Amino acid sequence: MKGTKVIRLREEVQLNNPVFLVGLPGVGHVGKLVAEHLIEELDAEKTLEIYSHHFPPQVLVDENSEIHTVNNEMYICSIEKCDILVLVGDHQSSTGEGHYELCDLYLDIAEEFGTQRIYTLGGFPTGQLTYSDEVLGAVNNQELIDELKETGVVFKENEPGGGIVGASGLILGLSKFRNIDAACLMGLTSGYLVDPKSAQSLLKVICGIFDIEIDEGPLEERAKEMEKIVARLKEVEQQQQGISDANIKDDDLRYIG
Amino acid sequence: MKGTKVIRLREEVQLNNPVFLVGLPGVGHVGKLVAEHLIEELDAEKTLEIYSHHFPPQVLVDENSEIHTVNNEMYICSIEKCDILVLVGDHQSSTGEGHYELCDLYLDIAEEFGTQRIYTLGGFPTGQLTYSDEVLGAVNNQELIDELKETGVVFKENEPGGGIVGASGLILGLSKFRNIDAACLMGLTSGYLVDPKSAQSLLKVICGIFDIEIDEGPLEERAKEMEKIVARLKEVEQQQQGISDANIKDDDLRYIG
Amino acid sequence: MKGTKVIRLREEVQLNNPVFLVGLPGVGHVGKLVAEHLIEELDAEKTLEIYSHHFPPQVLVDENSEIHTVNNEMYICSIEKCDILVLVGDHQSSTGEGHYELCDLYLDIAEEFGTQRIYTLGGFPTGQLTYSDEVLGAVNNQELIDELKETGVVFKENEPGGGIVGASGLILGLSKFRNIDAACLMGLTSGYLVDPKSAQSLLKVICGIFDIEIDEGPLEERAKEMEKIVARLKEVEQQQQGISDANIKDDDLRYIG
Amino acid sequence: MKGTKVIRLREEVQLNNPVFLVGLPGVGHVGKLVAEHLIEELDAEKTLEIYSHHFPPQVLVDENSEIHTVNNEMYICSIEKCDILVLVGDHQSSTGEGHYELCDLYLDIAEEFGTQRIYTLGGFPTGQLTYSDEVLGAVNNQELIDELKETGVVFKENEPGGGIVGASGLILGLSKFRNIDAACLMGLTSGYLVDPKSAQSLLKVICGIFDIEIDEGPLEERAKEMEKIVARLKEVEQQQQGISDANIKDDDLRYIG
C-alpha cells in the first residue's frame, strides 16, 4: 500500500450540525479513553477507516486471533443536539510529514461532512503523580474561550509552555487556515501512565459541552485499578527521593536552550 | 537505483495451486531458517529477485569473495499438493513506508501467480530462555483457525499482545484488502538468539500443512550448537538474578502507557 | 498540509535596496535574539508566513491561549540606508532534505524582492562558559571580508572547524549558486544556554553594518539574568572538575575519525 | 535546492580507457586519503561537482573563511595507461534511499564517460590497534580475482562478514546490473582512527594496478603523527584491560541474532 487509503463503510452520510471530536492515542491516553468511551456508551456507528504508510508497519490481534492493520477510524454518535464525528485510532503518524498529511486528510473529511466546530482531546503532562481534575484548554480562535470556561475548562497564559505536539495540536493549527473553530481540551495527568481518572474529568467537560449524560462506570473501574498502581509508584518515588540531588533549581532550566 | 526493481529469472511461470510462504529475517530468525531449509531440501528454483532503496545500502560477500546487493528473493518449491512460492531475503525494509510498499509488491507478485493462500513465518519473543515447542497463530480470517489447529497451531486471545510488527504481520493485514486468506505462524523463542530449535517446531507444523516430509538434519545440528550457548547464557542469567530488584511486578507494567 | 505553504500578508511589496537578514533558532539562540530584537525596535511589519511539513508537527500557545502552527516569518524593517527583510521562526527544518528545500524557498523569496546581500546570524559554540564579545564571520565570497572586518567581524582560517550546520550555513552555500553575496555572522557563545549577552555583541556589529542605533535595553536585562545562571553553573563545573580524568589531550582528538 | 544537482566544469570531456576510482569518507578515511593523495600527486583536474539534499545541510569553511556546501567531486587523473576518474567528497549520503540514488548517479556519469572498470576504496575495521598492511578485496565478478591477487590484494571467504555498507559496497552491487566489473579494495584498519598508514598500504596496491609510482611523503608524515597517538591509546587500553570481564567468549557472539 503506497500512501493513504480511506475505506468508507457507508455511502451518502448526512450529518446533523456535525462536530468533529478527535481522541487519538497520546499523553496518558486521556483523549483516546474518552473518545472510545463515548463511542461505546452512545452506540456509535463506524463510518470509515483510514490506513496509511505513515502508521507503523504493524497489525493488532483481537480476541479471536484475527488481525487488523493499525488504523484510524471515524464513528458517528447521534445525540439530540448534533451528530458527533469521532476520530479514534491505534496510532498517530510515525513521521512529522505524515502528521501534516494525515491531519489535513482528517480535516478534508470533516469539512466534507460539513463540520463547523472541532474538539481535540488529549492529556497535559504534569510530571507529577498527584491527581488534579483540571482540564486545560487552548483554542485557534479566542472567541471560543468564554463559552468553554462555562463548561469548566481552564485557560492559562502560554500553557502548555512547550506547545502541543502531534495531531491534537496540529488539527487546531490547520483548521485555522480553513476558518473552522477548534479547541484542544487536555486532562491533567502525570504523563507516565494510562490515566482513566483524568479521562473522567475530561469526560465531564465533554458532557457539559454536548449537554449529555454518560455512564462513567467502566472508566471509574479502570481508574480504581490505576490508583493502586499509582500508590505503589509513589512509594518507590519516595524511596528514591534521597538519591537525586539538584544544584540547579528546576526554575532555572527554562533558560537552557 | 531509485525505487524498487524486480528481476525475473524465468518467463511465463505457471504455478499449480500456488501457496505463498514468507520467511524473512525477524525474531530469532525462525521464519527465515524454516523457509531457507525448505528451499534447500525441496530443491527449489529461484524465480525472481527484488532490490529496493528501502533495504539498507549494503552488499554481502559470498564464499568466493563475490558480492550481491542485499535483496529479497522468491523461489518455487513443487510438491505433490501444490506449488509453494517462498519469499526469503537478507533484510526487511529499513523504513515504515518501505514496509507498506514492499509488502504490497510481494502481494502483487503473489496475486499475479494466482496465490489463494498465504503463510507468513516468524518468531514470537517470550523473553525467556526456556524452550517451548509451541507455534502460535494469528489469521486475517477466522475461518482458517480450525484447519490450523489440526496441524498443531495454538491460538490465544489477543496474542501477541503487542501485535505483529514488520512484513509477517503487514502481509496478513494487506492481503485482507485483497480477500486472500493468510495466517502468521510464530515459533516461540527467547527473542535474544537465532533459534533453529524453534524453527524445527515450526517446520513440523509446515510439513503437516503441506503434507510433506522434510529431513530436519541440518536444523537439528544447528539447534544442538545453540543449546550449548543457551546453557551458558542461563548460567550468567542466574548469577545476575540477585542484582535486579523489582518493586513493581511485571504484571503491572502493562498499564504503563 | 502537504509540502510547504507561503501566506503573503501584503500584495505588491516594493523594497528599497533590500538586504536579507536571517535569524532562526540555533546555537544559543543568538541569531534569533538579535533578529527579534531588531523587529521589535524597528517596528517592523510582517510580510509573510511560511508553514511546512518539514517543521515539527506542533503548535505554540500565546498569552491568550490561542495557538499558531510553528512557522517561519519574514518582516520588513525600513531604515534610512535600505529595507531589511528579516527571517525569524519557531524552528528550523526537522530533516536534512527539508533544510535544502526551505533554504531554497527563502532565497526564491529574497530574490523575488530583489535582494543583493544576505547576512545570516548565529552562534559559534566554544564549549566554555567564559564570555567573549567576538563575532566570527564566514562568507561565500572573499571580497566581503575587508568590508566586514571594518565593522569588527573576526575571520579565522578554517573556522568553524566543523563547518556551519543548518540554515545559517546552507543559505550561504545555496546563495553562491545564485551569485548573491552572503556572510554568516556568529556570536561566540558557550553552546549550552540561551545567550542574550552574545546577542548584544552581534547586535553591535549589525548596527555598524546598517549604520543604525538600537536600544539594547531588553537584551541587556535578559543578559543580566543569564549571568546569574552562568555563575551558578560555573560553581557546579568547578566542583566536578576533579572527577574527570583525561589520558588523551583534547588536542589529539581532532585525529579521531 | 530540491534533489541533486551536477555542475560540470568542462564540456565535452573525452577520456582514454577510463577507470572509475571511488574514495569517499568511510572507515578510517582510508579510501578518501588515497584518492585525495592521487589527485594531489597526479595534478588531477576537477571535472564536476555533485550537490544533493541527501548530504547533510552543512557548509565547510576554507583557509580564507570562504564556505562551500558539502559535496562530492570528480577529478580526472591522466596517466600513461588510462584516464582515472576519481570520486572524492566531504560526505556520503545521510539516508539509505540517498545512497541508492547517488550511487546510481555516480554510475550514470561513469558510464557516460565510457568507464569499463571500477575500483572503490575503503577501510576494513579490525577492532584492534595492531597494524597490518593487508588489503582485502571483494568483487562483483569472480574473474577479477586472479588479476588482483597479483597486485597483492588478499581475498577471504565471506569477508567482510558483515558485508560492505555504504557507497563502496553499493557501487559494486549496482554496477553488476550494468555489467561493469568492479572491485572494492579495503585497507585493514582499527576502525577508531583516521589511518594514513593503512592508506599507504592501499596506495601501494593502487600503484601496482595502474603501473604508476607515487610519492608517499605526505601520507608517510601523517602516518608518523598517528603512530604516536596510537601508542598512547594502546597504553590506555592496557590499563583498562583488567576492568572488562567476559563470561561469554567473543566467539559465541556471532550466534546472537
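Order of writing sets the chain letters: A, B, C and D. Residues in each chain are counted from 1.
The working rule: contacts are C-beta pairs under 8 Å (C-beta built on N, C-alpha and C of every residue); 3 or more make two chains touch, one makes a residue touch a chain.
No experiment lies behind these values; they were computed from the predicted model shown.
With contact taken as defined at the outset, there is no chain that touches chain B as well as chain D. Of all residue numbers used at the contact between chain C and chain D, under half are used by both chains, marking a mostly different-residue interface. Among the other chains, B has the CA centre that is most remote from the centre of chain C. Centre-to-centre separation of chain C and chain D, using mean CA positions: 36 Å.
Distance between chain B and chain C, defined via averaged C-alpha coordinates, is recorded as 51 Å.
Counting only residues that touch two or more partner chains, chain C has none. Remark: the chains found to touch one another pair up as A-B, A-C, B-D, C-D.
Interface residues of chain D, counted against chain C in their complex, comprise 1-2, 5, 27-29, 53-70, 94-95, 192-195, 225-226, 229, 232-233, 235-236, 239. If you check the complex, the residues on chain B that touch chain A are 93, 96-97, 99-101, 103-104, 137-142, 145, 155-161, 163-167, 169-170, 172-174, 176-177, 184, 247-248, 252, 255-257.
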